[in-house]
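One structure coming up, written as structure tokens, with questions to follow.
Chain IDs A, B, C and D follow the sequence of writing; residue 1 opens each chain.
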Amino acid sequence: QIGLKTNVSVNVVKQIQFADQKQEFNKRPTKIGRRSLSRSISQSSTDSYGSAASYTDSSDDETSPRDKQQKNSKGNGDFCIKNIKQADFGRREIEIAEQEMPALMALRKRAQGEKPLAGAKVVGCTHITAQTAVLMETLTALGAQCRWAACNIYSTQNEVAAALAEGGFSVFAWKGESEDDFWWCIDRCVNLEGWQPNMILDDGGDLTHWIYKKYPNMFKKIKGIVEESVTGVHRLYQLSKAGKLCVPAMNVNDSVTKQKFDNLYCCRESILDGLKRTTDVMFGGKQVVVCGYGEVGKGCCAALKAMGSIVYVTEIDPICALQACMDGFRLVKLNEVIRQVDIVITCTGNKNVVVREYLDRMKNGCIVCNMGHSNTEIDVASLRTPELTWERVRSQVDHVIWPDGKRIVLLAEGRLLNLSCSTVPTFVLSITATTQALALIELYNAPEGRYKQDVYLLPKKMDEYVASLHLPTFDAHLTELSDEQAKYLGLNKNGPFKPNYYR
Amino acid sequence: QIGLKTNVSVNVVKQIQFADQKQEFNKRPTKIGRRSLSRSISQSSTDSYGSAASYTDSSDDETSPRDKQQKNSKGNGDFCIKNIKQADFGRREIEIAEQEMPALMALRKRAQGEKPLAGAKVVGCTHITAQTAVLMETLTALGAQCRWAACNIYSTQNEVAAALAEGGFSVFAWKGESEDDFWWCIDRCVNLEGWQPNMILDDGGDLTHWIYKKYPNMFKKIKGIVEESVTGVHRLYQLSKAGKLCVPAMNVNDSVTKQKFDNLYCCRESILDGLKRTTDVMFGGKQVVVCGYGEVGKGCCAALKAMGSIVYVTEIDPICALQACMDGFRLVKLNEVIRQVDIVITCTGNKNVVVREYLDRMKNGCIVCNMGHSNTEIDVASLRTPELTWERVRSQVDHVIWPDGKRIVLLAEGRLLNLSCSTVPTFVLSITATTQALALIELYNAPEGRYKQDVYLLPKKMDEYVASLHLPTFDAHLTELSDEQAKYLGLNKNGPFKPNYYR
Amino acid sequence: QIGLKTNVSVNVVKQIQFADQKQEFNKRPTKIGRRSLSRSISQSSTDSYGSAASYTDSSDDETSPRDKQQKNSKGNGDFCIKNIKQADFGRREIEIAEQEMPALMALRKRAQGEKPLAGAKVVGCTHITAQTAVLMETLTALGAQCRWAACNIYSTQNEVAAALAEGGFSVFAWKGESEDDFWWCIDRCVNLEGWQPNMILDDGGDLTHWIYKKYPNMFKKIKGIVEESVTGVHRLYQLSKAGKLCVPAMNVNDSVTKQKFDNLYCCRESILDGLKRTTDVMFGGKQVVVCGYGEVGKGCCAALKAMGSIVYVTEIDPICALQACMDGFRLVKLNEVIRQVDIVITCTGNKNVVVREYLDRMKNGCIVCNMGHSNTEIDVASLRTPELTWERVRSQVDHVIWPDGKRIVLLAEGRLLNLSCSTVPTFVLSITATTQALALIELYNAPEGRYKQDVYLLPKKMDEYVASLHLPTFDAHLTELSDEQAKYLGLNKNGPFKPNYYR
Amino acid sequence: QIGLKTNVSVNVVKQIQFADQKQEFNKRPTKIGRRSLSRSISQSSTDSYGSAASYTDSSDDETSPRDKQQKNSKGNGDFCIKNIKQADFGRREIEIAEQEMPALMALRKRAQGEKPLAGAKVVGCTHITAQTAVLMETLTALGAQCRWAACNIYSTQNEVAAALAEGGFSVFAWKGESEDDFWWCIDRCVNLEGWQPNMILDDGGDLTHWIYKKYPNMFKKIKGIVEESVTGVHRLYQLSKAGKLCVPAMNVNDSVTKQKFDNLYCCRESILDGLKRTTDVMFGGKQVVVCGYGEVGKGCCAALKAMGSIVYVTEIDPICALQACMDGFRLVKLNEVIRQVDIVITCTGNKNVVVREYLDRMKNGCIVCNMGHSNTEIDVASLRTPELTWERVRSQVDHVIWPDGKRIVLLAEGRLLNLSCSTVPTFVLSITATTQALALIELYNAPEGRYKQDVYLLPKKMDEYVASLHLPTFDAHLTELSDEQAKYLGLNKNGPFKPNYYR
């Protein structure tokens, strides 16, 4: 949620040094205690999705997928997954997801005649979930060929990967990859004799990074990059600043629709879901402090207020602070309420918002969780000291116990609650996936010169188009401007209806 | 929620015939398709608690607990549970529960001097959960001796049962009892040489029924029955009408505090929780019809409205209907909206509210669930026909598939969503448990003649006392009347503050 | 809102002494500083309706209506009002009111055949407003003859009185009556040669009192009293206790529908309206303390929370206190927040809730108002001391200024804000008026012996009927029970659907 | 609210023709039926403020202020107002306003040492209200000299103008100016021997227009223009496009703080207030359609939903439409619900949103009002046809009656409800006034070259400063970044905290 605010350093070393740069990326999100791992895998690739739980593989097959001979029922073996036998189960998950992704299904329908991605060869690196599968199959329906790897070593739904492999996709991903596996899978996506990708769909920037490092010549044929994550976008802007971005890139992360849905509307629901699944806490009457009143904080506060919690807000920005006041929340400094609150939620995008000093002063049973940025907001490292006892009471739930018996309930070890302990509704992922598909179409079909070697936001009109594709889900009927009204407003009847800066 | 409305028949046959009567009880809640089971176990005993999931016993020890030799670490063997080794885990769950049950802990504290239940011998039959354990240990602290069985064959938390057994309680319960086990456990509670219970704490009426049937003489020494459930209270009123109730009984189910908390406040949260855990559905923009606008319906509607759903309400009672209107919900008949809604929720306490005709007309993907009474509201039996395919997609989630491919998402097979698919917050259970404890104390200590052989509601003042014991949780500060004000209002300064009929 | 809680004194002197009793009635509501007036007029008769503002009579005709010769256009002169020329304006107000009183209009329609009030001779004493006019004309349509006086010396809408007089009603009322006028008007209603009323419709009990005092023999022919107000009902219960109630009386005040609408739903809107009209205060971000969390308090709190205020609650009853907690309000003692709040609202039904000590500690600009009972809640008398300056800044708005310049904004001198400074929506009055009409019909047509010389609540079924008559306004469609369902629930398909105690 | 979206025409005639251009400005806002008036006064100057009602001048002094000899108590006569005797009353209103304008009072305090506007000579043309008076007196405290006229012929609070004149300000304004008076007053502000203004504070652009037309040379000494209104800003952008803007101008209208407060937060309250004061309608259960889901629409919808109305939304922009869906409103076309709704509210910024066809189909009693742009949204002219009868039932309330008796309740003749029928809270005006003051300071003190002859938005940091000055009102405590955190985020500890595009 902190977006691009940090990339302001003026003196960027012009020479790109991949290893170093990588390290730099990792500086911010590095989680203390796992430093060894994060040396070479970006942070986002180690966050785990709670929603990505595998349903079937309680079987503990310890053989590495890389060591197995794999073939689908048609004899195709150009993939590497956990277990092709789980394909049927995965297919059903995909079908269920299709029902909540109406916009992609609509794109498929419209593509029955012309194929806007005919000839496109897409390499992708994202979470491998049922929703991603719907996207991939849509891209195929639009004419593209796809090869895919996972952007996270934990998040792959093995059954879905199996269904994709069975369906003929070249997928290289399984839940629980090692670091070495991770890069091996990416490499298998990219590096195949006779295969020259011309589009990149990335989530976190690792795929892009790999091609930069290993196959820089590939960029000559690549028409563009579509990147979804904060981290990946940050990397692209750095490349751009350094004059090293050699193809156009589309920043999907900052499109209005995605922002509002991923943050405000999605967090409004996932804060409740995440807290309930982990702690069964009753919201009514609880005192809660929400740190940060951006879109995420607004969503959390609205939900908790509606459930009967008493909510306090902390802010650094006076405008957001005034909004919190007008919305009916007391604006406080954390130390004013830290002794009395039952729940502490961070949504600032900042680091060390909840430090040991505050943790020491919380009351017994206080729940602490993070809805904001990566794992930086709560100083979890400060809790790993000898006098405190950690007790894992449930999956994703630790009791940290003080010498006097006081327990703090820490969720997901300070990582993102909504990713770790709740599910992201398919409908929200549908908006992101549709935006990605449209961004690919736009970049692939754009006339020479429309996009330069720079990072672009999706045009407003496309944002509006993504939104319009989701309206039928709600049986929502849009009003059309009359000619007279359009003229009066100076607008095209088909949009865009708002200036680019309108949010 | 349907309360006592049905017990209006004046001419009740005076002769109690236990088998028949039992059958009669079962007429209402009988679930078609399981008739064989419900012949001899009351309905409530087969509802399962989702919250009661066992955390540890993935071990599939198939030996029946009844066939095992069991002893706790002190050599005591007067119990029968799944696995005494799980005691430590259970103890931790109990300790966690204690933190959210402040009123019981306060009662323990006050009882350090006098023991209001000294000499009480309580037989209990309730769900065996961490919260019940806190209640049982409180009763012990108050001076009582306890023997306990489960009121439901699925709901026992084996670890908690182990912890209780380890702590010296005579507990007879495990998750997954057979019908025969069920009654065997109850009998073991009651029937022990040298043991004559003098108080009954029941949930569903099965324990009371068993004593009536097998050991009617025991009632001579019994001072009273405390009953919590709708069904159990119904049975007691029937006994009372028939002139066969031979001890005073306290109807805990209809106390104000319990009603408001169990229904309005608890359902406000559990409707969201139950839907999320089973379907991950996004609430924003969804069209929902809630059948029934009593306390449960009010809670469901408020929560869904707050999350951005569009909510329709059906009602039979014009007063509740007008309340729904004033609260901003369109009041419709089910057939007016059944084609367009995304979610159908029943909260009527009635039967056959959602019948096959409506299920046939729902749109693809419609979610159907029950928050109301037992399993009668949705005519699930009508879906068990050859042309429809049932597919279990997750625990408690079935897709029922029509020949044209339409899927209905049926939750918990029409049983109570909040019991099956979400957890009941400990805080709510605390209110019930405290009410039970106070009811036991009241009956046990009441002077001869205060209570006759009838069914009583808890005195208003006790309801207020239960509430007051829970206020410190919220750091809530009650105002006291001045002498002048009390006189002006004609009230005692210590309450009761409202007439009995005030709700 | 305090209902019947006070009538608990057991030893009531059997001898009714009217003057004294009257004084006793007045003890509670007496407003210090106007004692001379309240000696012989009940408190409710001096509360003024803000909504009853006259639209046309800026003309300052100083002649007393009693001194004028009055005739309507048909030559009828059996009335006494301000100015018959205002009849057209009043008629339009009545027509507007008819549109929001659908239930009375429905009663008129149904009465086209049979006339349930044929032969009824009703004397009425209520606020004379457009809504009352719709009631009176409905009673006439149902077959009754009516004579009417005002129950309040300030609340008469002169134009409406004119329209009624022009329409042939014998109305005796004008805005700004003297005490002597007040009783003279009542007497003119009752005392006419050849007129023997057989029904009383009263609001405050003054009419009933007058007949008791002056024409006790009249009760021989009177079939019953319908009383709407708290005060009037209180008087009736006192009479009943004293064994002096000589006809059946219907307590309309405590019917469920009236309570919920007059209190919860109406106050939810009128608190905002009253504060805005008087002070233009912005609600967003304001800190408010609401004293009392009954129905009125619940309505006020819900509205202010929704508008972005931060709301604190004080309570004496632990059950209501716990509800406030669960609804998301901090429960405090008044002294904990009195220094920091921007607005203080009393809704307790108690006296001296806001005393001088609290007023002294409020911050500059604090707004103080009463939504509860009469004028007792704020100790306004304590502000009438020499060191404080009163400044009337608008109608109903006083600044009370402390020596250091601090100003408290006192609304309506502590009288009811919703009556003084906002309007009561016609729709709410419709519910009351319909209840009154049905109560009259019930008492008038009840077979001998159904009602004794006692105070009755409206039967639940009638309450439900009133509600059902208002549903069409909302295009609300009630569901009907099937035979099978009715049998299952043990209910009559036409209601009543809930036990009497259900609220 | 429609902002700057319309100024896109590319071929702007470079030659400015004042009379014509003026006509062009008026094309949009012209109200049919008053064309004669709007020939030479801009639309905004004829909108009237409900809040600006005069409290004291029931005296009907018919002499034009221009014909009177006027002097204040110190003998100063350089002003022209209604009645200097009302000064005391006006002073009290100003003092009351000061209490709700903490930021301006804070600016005064800080200016006790340095005077940032020392030497500034400000001509102003705004609504003359108590709030404006606080602004003017603040500017004076900051060192400026001021001369002022009204920007609207109806909106002047005569008492406030008197207090300002008494205080030594050269004010030229009264309620009920003629068109000729309007320009005469503006001219008196500008044109005084020995007076050369160097700053302009305008609301609507009429003052700027007048100087352009009559005294173009004056601009040589003018350092800048601060403009608040949509219309005025539109004019400035046109001038800028035409290359004719000869000084820097600050667009105060589009600052974030103003937008959020004037639109979202203020309308959330004023929609309720405006509807209540005009119609006393009960909101609970009412069906309402809100046309447009921008900030204004969002505010209206949130308030009505909270009060228990059932709200439908129409939109043209799919993004706003999707937000409406997620917020729980059914998105419809107007014709789908026009027959069933009780209230129609326009907030589109468009024209002819509610046309005769819709008005014909509304049900009896439907309330129609405009919260959006000027008076264009409802086609009121289409109702001025012979077959319809207009009946003025209250100030600002007309019944339009169809031949069949159907009545539509039209508020404020389709002009802005919030300006005409409710009051704007002082606190909101405080934000605007503070922004104006800071904009004046910024332009006046900016070093040569910082601002060119263009239209500027207030720097983000100043927006944040305005917000921060209002936080103490809510006793709100802002959190400060630590050095480490600021570095991590790449932010200055004092802000700005968000990019300029963040809203």
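Going forward, a contact is a pair of C-beta atoms (placed from the backbone, for glycine too) under 8 Å apart; a residue touches a chain by one contact, two chains touch by 3 or more.
All values reported here derive from a predicted model rather than from experimental measurement.
Visitor: For the pairs C-D and A-D, output the one whose chains share more C-beta pairs in contact.
Guide: Of the two interfaces, C-D and A-D, more C-beta pairs touch across A-D.
Visitor: Would the interface of chain B with chain C count as same or different, where same needs over half of all numbers used to appear in both copies?
Guide: Chain B and chain C contact each other through largely matching residue numbers.
Visitor: Could you work out how far the Cα centre of chain B sits from that of chain D, in whole Å?
Guide: 58
Visitor: I'd like to verify one number: the distance from the centre of chain A to the centre of chain D, where each centre is the average of its C-alpha atoms, in whole angstrom.
Guide: Roughly 42 Å, centre to centre.
Visitor: Could you give the separation in Å between the centres of chain C and chain D, each centre being the mean of its C-alpha atoms?
Guide: For chain C versus chain D, the centre distance works out to 40 Å.
Visitor: If I count partner chains per residue in chain A, which residues reach a count of at least 2?
Guide: 265, 284-285, 307-308, 325-326, 330, 474
Visitor: Looking at the complex, which residues from chain A come into contact with chain C?
Guide: Its residues touching chain C are 284-285, 305, 307-310, 325-330.
Visitor: Would you tell me which residues of chain C are touching chain D in their complex?
Guide: For chain C paired with chain D, touching residues are 51, 55, 92, 96, 99-100, 265-266, 268-269, 272-273, 276-277, 280-285, 287, 302-303, 306-308, 340, 364-365, 391, 393-394, 422-423, 425-428, 473-476.
Visitor: Mind pulling up the chain A residues that touch chain D in the complex?
Guide: Residues in contact with chain D: 2-9, 28, 256-257, 260-261, 265, 314-319, 321-326, 330-334, 336, 349-353, 376, 463-465, 467-468, 470-471, 474, 476-482, 484-485, 488-491, 495, 497-499, 501-503.
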